[in-house]
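Submitted below is the structure of interest, expressed as structure tokens.
Naming follows writing order (A, B, C and D), and every chain is counted from residue 1.
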Amino acid sequence: MWLHASCSLEFNIPVPTPFLLMLRPRSGRQQWVAREQYVLSPSVSVVEFTDSFGNLCQRLVAPAGYFSVHTSVEIETADVSDMGPGANFVEVQQLPDETLPFLYPSRYCESDRFNEMAASLVAGQAAGYDQCTAIVDYIRNTVTYTPGEGQQIISASELNELGHGVCRDMAHLGIACCRALSIPARMVVGYLESLEPMDLHAWFEAYVGNRWYTFDPTQVGLQGGRVAIAFGRDAADVAIYTQFGDPVNQLNMQVNVERMAEPPF
Amino acid sequence: MWLHASCSLEFNIPVPTPFLLMLRPRSGRQQWVAREQYVLSPSVSVVEFTDSFGNLCQRLVAPAGYFSVHTSVEIETADVSDMGPGANFVEVQQLPDETLPFLYPSRYCESDRFNEMAASLVAGQAAGYDQCTAIVDYIRNTVTYTPGEGQQIISASELNELGHGVCRDMAHLGIACCRALSIPARMVVGYLESLEPMDLHAWFEAYVGNRWYTFDPTQVGLQGGRVAIAFGRDAADVAIYTQFGDPVNQLNMQVNVERMAEPPF
Amino acid sequence: MWLHASCSLEFNIPVPTPFLLMLRPRSGRQQWVAREQYVLSPSVSVVEFTDSFGNLCQRLVAPAGYFSVHTSVEIETADVSDMGPGANFVEVQQLPDETLPFLYPSRYCESDRFNEMAASLVAGQAAGYDQCTAIVDYIRNTVTYTPGEGQQIISASELNELGHGVCRDMAHLGIACCRALSIPARMVVGYLESLEPMDLHAWFEAYVGNRWYTFDPTQVGLQGGRVAIAFGRDAADVAIYTQFGDPVNQLNMQVNVERMAEPPF
Amino acid sequence: MWLHASCSLEFNIPVPTPFLLMLRPRSGRQQWVAREQYVLSPSVSVVEFTDSFGNLCQRLVAPAGYFSVHTSVEIETADVSDMGPGANFVEVQQLPDETLPFLYPSRYCESDRFNEMAASLVAGQAAGYDQCTAIVDYIRNTVTYTPGEGQQIISASELNELGHGVCRDMAHLGIACCRALSIPARMVVGYLESLEPMDLHAWFEAYVGNRWYTFDPTQVGLQGGRVAIAFGRDAADVAIYTQFGDPVNQLNMQVNVERMAEPPF
């Protein structure tokens, strides 16, 4: 399907403040960026670089006063995300080098503390995709999804105690459990067409059957219409913006995703 | 200045043919991509990756029949390219690692055969930027610039014998001479606002005074309004498209660059 | 000074087990590997790769039974680590791209929770190196260093509550506080000649004054004789070995560092 | 088999001269470095980095006067190089991204000028490994191998006219023909146990059947006992040393390879 997706951020900046942004989706095996737009107001000088996960990042210093960032894409993406029931566990020695960073514990995914829990969740499952499914089912069934209530980022352990969280937190828990089973798992931040209420979304991918598969503990069924904006080990790597120095005031954030009636051209 | 730049390619494809394209300018220290568009007709599946020079490359298989690629950008770029008369030669041991590949000879820049010529061209010049200027002046004064007559790519040596060539060939000669003096030099393919007749353009950059500077042997004065599309060691690295297998028929190529009356937003 | 440093690991392996090792120091600005040795017993097939932090990593499957790894280096390293009192804070917008990953919170360095503490520790200090010194002094003065008692890896927050820890834990706390001040900080695992009792050691580096400086909260004064084996965001990235699957039995670990009376050649 | 291989270089240096060296074999799928030694005399400061082909490179400034470099390895490598008759051609769209640079023409491999010749050499062969074999057979049968007579590096085209050359030149011709057929091909510099007279050696690898295979136009049969020191697009990328500035005087170069009677430990 073709989507028009946009994200607008508005700030009130007390003093000139360095920002790092990640709001430029790239084309990849699962999506094709046909048209893209990136507006800064007021206009400032920007340097762009590619981080070690392949994300296009923008560095800038926001001037004091009102500052806004508006990005949009017209993008083709799959109607339905691929599923792979039965896809096999990849022995660690067979994993591609670039998947290895996604085996380690990270800030919000303390996989080193989830060995027992992960083992119990997947008891009886074939190693690989079906284990991931069991983990996701568990999260969906036991954690209450409370979209819009997630200012402070919490970790997989903290979510486990708290029992309710946002998409990002639920992805962290899924990732932590997968890694505890030696399955590479990574965070994805992006757009999801069917999301309600509309917002940026987070889900995760696990590497089984020699490829990355999408998993989303917040949704029943695995909806397509996804646009990946950034990949990383967890939320610490994929903040759509990070500001340094004294806190700025985010006035507004507006996300919009619409299915296009026809291709953009 | 703000530019709207576009490139359209049309092909007649006898059999399904793999292509590698490099038609997606990236934001960098010298340009900011505010709006971008990439149209394939008919639409095909594409995989994008970043090569070792930082270029965004697209891989696809063009289907048999009529096939077109249309890309455009709205981009902010400098009114005048930076110049650095007197900028110093950087001792090889002080060069950043990432500049080193641009010291070696490459397919069309046989710098290993230009030691004597380069030394004689720069006799009396201070090491660094002024040497590059002397090289560029020599090329501008002795090589006849014949835009539009460059189907087969020729090397710096071949140009030197032939005495006339296109922008790409003249850049090759400049690069070969710089490298012969241990100055890193790289090829740039892109748009130039003031180019006549309009076409894609090629120039080069040399690393002196701890940064890359722009040089263009085809132009008198160093005009701004440049949009870099791809960087590489020479034309072998930065073909805007490479096709594999039996030759396809390129029906048309249309390049357009216009200064925008006002910023796009 | 010239050092001979070695690390031996012995395991009892129940079933064939994939390992990832990081035991091959590389030459760099601060050390030169003149002689190196890497023995696996029994001999097994190994694949080596470079991770995103530049570490040389070895992948192998340890066979069932007794398995040992013995590595040693003869290496030249500085007598005294560089210090930089007064070295300035580098504004985030001026930081090299490759330092940015070391600004984010990571598994064991929850810098997102250390803003207040870090600010209070450095009150009155000039931004940059002197802030790092204040942080290290605080850790040295308030955390009890208990070498040899650190089986489970704890995080900066956990150390802060516990009040005593090993070198690794103290480095984590230093890193977390630096990052909370927007100073890039990274973990180093390596050898330290003067360490008592001898073991592998961990310290950290902070990026101020446009370079990385060494800090070591466990030592009074900043001793030289350091050999960096691996760099990373925290202990999760630089485990000298990681094993996957069911736990193996580490029978023994022996570290030895000796100053060589004269250069090895 | 286990090999002890060494390379010694001696120079007379008129003025302090920057060098770039590539004399540190890395462990990989086909070889395991168990012991290594790298001696510079007099000792100088060195910085090591990894280039875009994965080679460990050393940067240094050789002081005026006598200067020597002595490196050695004890390494395990295959008794017989893998062969793959019938291994299939990999369609360009299926090639891994990292093989693509090895499809393009390079300084000494003008594959853009070898389309016809390559096509005629492989007429009737199955696409892939067997084409490479036909190319190698042609080179072996028509080019006279004259080891030790190759001071100036010549290109594939130049060798084709000249009719005789060294291992490096013959590898260039093989690479140029493979690339003309859209088969990725890369240069390897290294040691070969059975080489007579002993020297550094060069051969090439082609990517067919989803892996790199070894080809050596200078040898009858495909002998094992190979140690890869460096990989690149051609000789321009893999010079074991490159010196910048005025030419230095290489007094001596000594290569030695011996099969070890037993493993080194």
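List of remarks:
The rule is simple: a contact is a pair of C-beta atoms (placed from the backbone, for glycine too) under 8 Å apart; a residue touches a chain by one contact, two chains touch by 3 or more.
Keep in mind it's a predicted model, so treat the numbers as computed, not measured.
Taking the CA centroid of chain C as reference, the farthest chain centroid is that of B. Annotation: 36 Å between the Cα-based centres of chain A and chain B. With centres defined as mean CA coordinates, chain C is found 30 Å away from chain A. Note on chain placement: the centre of chain A and the centre of chain D lie 43 Å apart, centres being C-alpha means. Within chain A, not a single residue touches two or more of the remaining chains.
Under the stated contact rule, the graph of chain-to-chain touches is a ring, a single cycle where every chain has exactly two partners. Every pair of chains meeting the contact definition is listed here: A-B, A-C, B-D, C-D. Those residues of chain B that touch chain A in the complex are listed here as 26-29, 32-39, 41, 43, 45-48, 50, 54, 56, 58, 70, 76, 263-265. Within the complex formed with chain B, the chain D residues making contact are 18, 20, 49, 51-52, 57, 59-61, 91-93, 97, 100-101, 103-107, 109-110, 112, 153, 182, 236-237, 242, 244-245.
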